[in-house]
Amino acid sequence: MNFASDNTSTVHPKVMEALIRANEGHAPSYGADALTEAAKARVREVLEAPEAEVHFIASGTGANALAISSLVPSWGKVFCHEGAHVLTSECGSIPFWTGGGTLVPVPGAAGKIDPDALAQALHESSRPDVHAGERSALTLTNSTEAGGVYAPAEVAALTAQARAAGLAVHMDGARFGNAVAALECTPADLTHRAGVDALSFGGTKNGAMMVEAVVIFDPARAPGLEMRRMRAGHLLSKHRFLAAQMLALLTDGLWLELAAHANAMAERLAAALAAVPGVTINVPRQANQIFATLPAEAHTRARKAGAVYHPWPRVQAEEGDLSVRMVCGWSTTPDEVDRLVATLRG
Amino acid sequence: MNFASDNTSTVHPKVMEALIRANEGHAPSYGADALTEAAKARVREVLEAPEAEVHFIASGTGANALAISSLVPSWGKVFCHEGAHVLTSECGSIPFWTGGGTLVPVPGAAGKIDPDALAQALHESSRPDVHAGERSALTLTNSTEAGGVYAPAEVAALTAQARAAGLAVHMDGARFGNAVAALECTPADLTHRAGVDALSFGGTKNGAMMVEAVVIFDPARAPGLEMRRMRAGHLLSKHRFLAAQMLALLTDGLWLELAAHANAMAERLAAALAAVPGVTINVPRQANQIFATLPAEAHTRARKAGAVYHPWPRVQAEEGDLSVRMVCGWSTTPDEVDRLVATLRG
Amino acid sequence: MNFASDNTSTVHPKVMEALIRANEGHAPSYGADALTEAAKARVREVLEAPEAEVHFIASGTGANALAISSLVPSWGKVFCHEGAHVLTSECGSIPFWTGGGTLVPVPGAAGKIDPDALAQALHESSRPDVHAGERSALTLTNSTEAGGVYAPAEVAALTAQARAAGLAVHMDGARFGNAVAALECTPADLTHRAGVDALSFGGTKNGAMMVEAVVIFDPARAPGLEMRRMRAGHLLSKHRFLAAQMLALLTDGLWLELAAHANAMAERLAAALAAVPGVTINVPRQANQIFATLPAEAHTRARKAGAVYHPWPRVQAEEGDLSVRMVCGWSTTPDEVDRLVATLRG
Amino acid sequence: MNFASDNTSTVHPKVMEALIRANEGHAPSYGADALTEAAKARVREVLEAPEAEVHFIASGTGANALAISSLVPSWGKVFCHEGAHVLTSECGSIPFWTGGGTLVPVPGAAGKIDPDALAQALHESSRPDVHAGERSALTLTNSTEAGGVYAPAEVAALTAQARAAGLAVHMDGARFGNAVAALECTPADLTHRAGVDALSFGGTKNGAMMVEAVVIFDPARAPGLEMRRMRAGHLLSKHRFLAAQMLALLTDGLWLELAAHANAMAERLAAALAAVPGVTINVPRQANQIFATLPAEAHTRARKAGAVYHPWPRVQAEEGDLSVRMVCGWSTTPDEVDRLVATLRG
């Protein structure tokens, strides 16, 4: 009964098998190998973006920082949700990687940037002089840190605002598969066709060991990206082992199958939790994360029974409640869900 | 017949098996898992450094930059060999990670810093004012980029100079195993007992998929290291899969067995090459890399026969010769070596 | 009738005379001259801080960035008012100078940080791990960007909160004289005795040509400050000409005389404005800045008559009003004030 | 008898008078004033560069760092002379301002980059991949730190090499006037007509209090320059007082008159010194600096008599000699020169 995060789970067997298959003979290092080429091609195909620049990197923080720092000047302002991972959980990666950039927090429900709040933030930043700095990019997380999902039209509306203000747009897709699976849209509709310039396409939470793809839809927008990756220490030498993971996920729709499963488990959990007396669902379920408020005794029972999940004060109903986050992953089973709910119910 | 680099080879089967074993059940993310603890303990044990701080990271450039940037102020001067990887091949990682540091190149044969040249460089940097900046660290590579090996006494002599000048000392051990295996000394004798403060302990070239350990022998010297790693995107979430690799290498002496094998293959290659008419060995063989000058027709024959190695103008006998580097790894076979030599001989 | 800012005014004649006197014979460069020593000693005397480290710098942005970047690690979080100059008007100087730091905005009336809001912001930043980064400093502006003044007890209350959370405290004193003159306290009571670690002691707005003093009350807190100043290009070579300005201001209480005059002119303006029909004073006057809402026709009349002041949407009563800022300086005359009010009155 | 540096001298009376004249009435701050416009126009006129972007800044280190960091990417390599001020005396300003750049030292006599040495350095840096980084700019100092002067043809030859390698070219003109006066060429011939993209046009050593102009001949090359200046704290608020200084120097040829005088005094000194038994001139005199080797007893006599100059081990004949630098400035008198030589002679 582990619902701590989708990064506490194992690697999917097909990814593991791909790593084993890749472990054969010599291969050029630093990404010059055939497997890397094949995986890049597959990313472009899945995204219907034949011109896109694609790079593999071992961490989500690295992917976000690499993409964003390649899009903005070193004094750039980057608008993000006030609960965005890049702001709350990446230890200042953006000011560091950019060499002086600033994240500007914008509010909104379910981790989604409110268009009016963005309009106001853009307005406040429009002063056109050297004192205020330069507004440079917008980053959206999809699915969000609070379990929300932006539909293509919502993304398009925000990117239109961004574009009108001269901003580039990045999407943090650490849980991109969960968003696509939830929406049943194409990855292209949710990204470049909706005005997104760069995507952190997450593999790790989806079932890989450690791989994310940084995708720049128009490579001319990020000319120094490869230099930035190298000096940050993110160009792995035995690079085929990153590529193999992503290729495995993107073969035969495995990535969407796993994401849909995680979403379905979360729906099962949400539905059952809602029926437990005293439990409140704090954010309507959209992807694979549940934010709920629990009665103290239910929580105690669950802990004693070995259930694992995190308190989550950031997304909560009221001060003082016991707010928690429960995350379902590719390996979550219906039985685990049912046992957790039964335990909470007592 | 692939002698391009020790990072073009596969992952050793025992490392692969360790990854497969690690892929079982949930584990806390970001390094809070039991396997990470076990691997850290094993690194401390191997280095006879029970107080050392140990962190795992997926790349050698990351390991060097993390260690060095944690040891110096942001305006620090770091002395290195003029052919050091950190200077020639890491795309400015040190000025970037430090936020303004400078690498100061120092010459010396076989990639080893010449003590007199270091003395002169330290002297030139001793001007005690704000104009010249502050000399802060020395970094040594062992075994070196030109195939040399520093013995413990050589390391101790350089670290004594460094210490007298107030510098911290880092060792780039991307090929640390090859040095230890060549010297038949203890890892402790070659590092902290010889005055080294921080070590990049390489696993990837030694037989892993992607793992290096950053070791700080006195943790008080590098207080912000974990913050620096996180914001650089180098704290992997499914962290057990880094730890498992290093633990496998350090179990039953596998790392030294593999390094000794690579060294032996290089010795076999060097000895045979020296007997080929027209071939010159440019640097006496000490570890697992050979730098040689080839007759043009021998080179052409080898290329046609499918041999892979890199031209290496940095380490060469005379202008105009065909200088090459040939690297042996854990997977190099005697047969491969013999076939290469036979082909070159014609 | 120029009320645009206290930096549009001239240099006070006594400062000008001091510059002329300083222009005699050779003097050691880069701050090694006798006038610099004398000015530093005088700053320490005025602040009753005999151990303080004092440095002169030509700009307020430079002073703030130098002081703050010397107090925090490169990933540090610095709490400031949401309208702080350092956040709104210095083009990202803090993330740039620190190499990765972040400003965290905190609300409060009259440009003063609300203690409860600070408590909440500190609480939200207390998560003790590498994801959230490290809370490192608090910066207060006194007198504030919205015309407010912190009394010593208010400063002490905030610094106590800061200290309890492990933060260093900086005071942006671009208008420090106006605060001290308004409070009729000692500079020591408003700074180190109230828990302030570093002060940007402004001279330029007070009547100088270009000089601020960076004061570190406990020099051990900012070991690299001189290196940071040099590499940022802020160690002027003919340094006596910075020192002479500050020494002139601090001789015979000139600085407080000029600040008190500016405050008095602002009081005269505020009192008269309040009596003009349709005019609202948006923030009770405490120092030398007035924030008011004007009827459109009054504004038009004033503009036509040549009055100069800035629209100031940041400090305003209600959306849509014509909010303006009017600043009095050392050279503002009662006649100017009276003519402005008469013109607005029509 | 002060020959320590041209920055230990006073401000020329005409500059002082200009400051006094500028101190009249209100003026828009941050460079929006009429005097700044006039001074910028005059710089463009003197340089015959009507399209150039011109900015004033209070220090030479600031001018160099601002210009260079605006020309290169944050991982750029900047080639400079191994004795360049930017490398030896600016405390790592380039890696700091660029956020990761590297200075690459190149040798050459009299502080002038040797074309063959530049060719070799460029060749070694031509490796076209992400490991080596990107060669981005060349910076020349004219007149040089070792007293040399590049003629227009020499500049053009080096900039042609730079251009062929894709580099931008910066000229550190802290002593630009001394070079122009020595060559009797036009400033245009020595800069943009010889392939220079950006110039640090020094005023301070020439006779100002503190002012340098950063000139970008093709503004499209340095789009973020104003942002970089602001966040570094180098946009002074009472900006007219920087502009007034430069305008005074550039009125009626004062700058060249002062530089020519300094050069003439240096020539008088060099000629007389050469006739003193035991004295060696280490670098043939070209501008306003003399590098000489003195007999110990002569040096002792001079010191006792109050002569001031610096030992200068960087530019010396042989190990162990007493190498010194003597600098003449706008205020050096023939009498001072003659007394120094008489004292040395004994």
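As written, the chains take the letters A, B, C and D, and residue 1 is the first residue of each chain.
One rule holds in what follows: a contact is a pair of C-beta atoms (placed from the backbone, for glycine too) under 8 Å apart; a residue touches a chain by one contact, two chains touch by 3 or more.
It should be emphasised that the depicted structure is a prediction, and the values quoted were computed from it without experimental measurement.
When the C-beta contacts at A-D and at C-D are tallied, the pair with the greater total is C-D.
When each chain is reduced to the average of its Cα atoms, B sits farthest from chain C. Taking each chain's centre as the average of its CA atoms, chain B and chain D sit 41 Å apart. With centres taken as mean Cα positions, chain D sits 51 Å from chain A.
For the pair chain C and chain D, the distance between C-alpha centroids works out to 34 Å. Residue positions 74-75, 90-92, 96, 99-100, 130-131, 133, 227, 230-231, 235 of chain D are each in touch with at least two other chains.
Put simply, chain B touches chain C in their complex at residues 30, 73-75, 99-100, 130-131, 133-134, 224, 226-231, 235. Against chain A, in their complex, chain C makes its touches with residues 74-75, 77, 88-92, 95-96, 98-103, 130-133.
Residues 2, 4-5, 7-11, 16, 19-20, 23-29, 57-66, 90-93, 96-97, 99, 204-205, 209-210, 227, 230-238, 241, 308 of chain C are the ones touching chain D in the complex.
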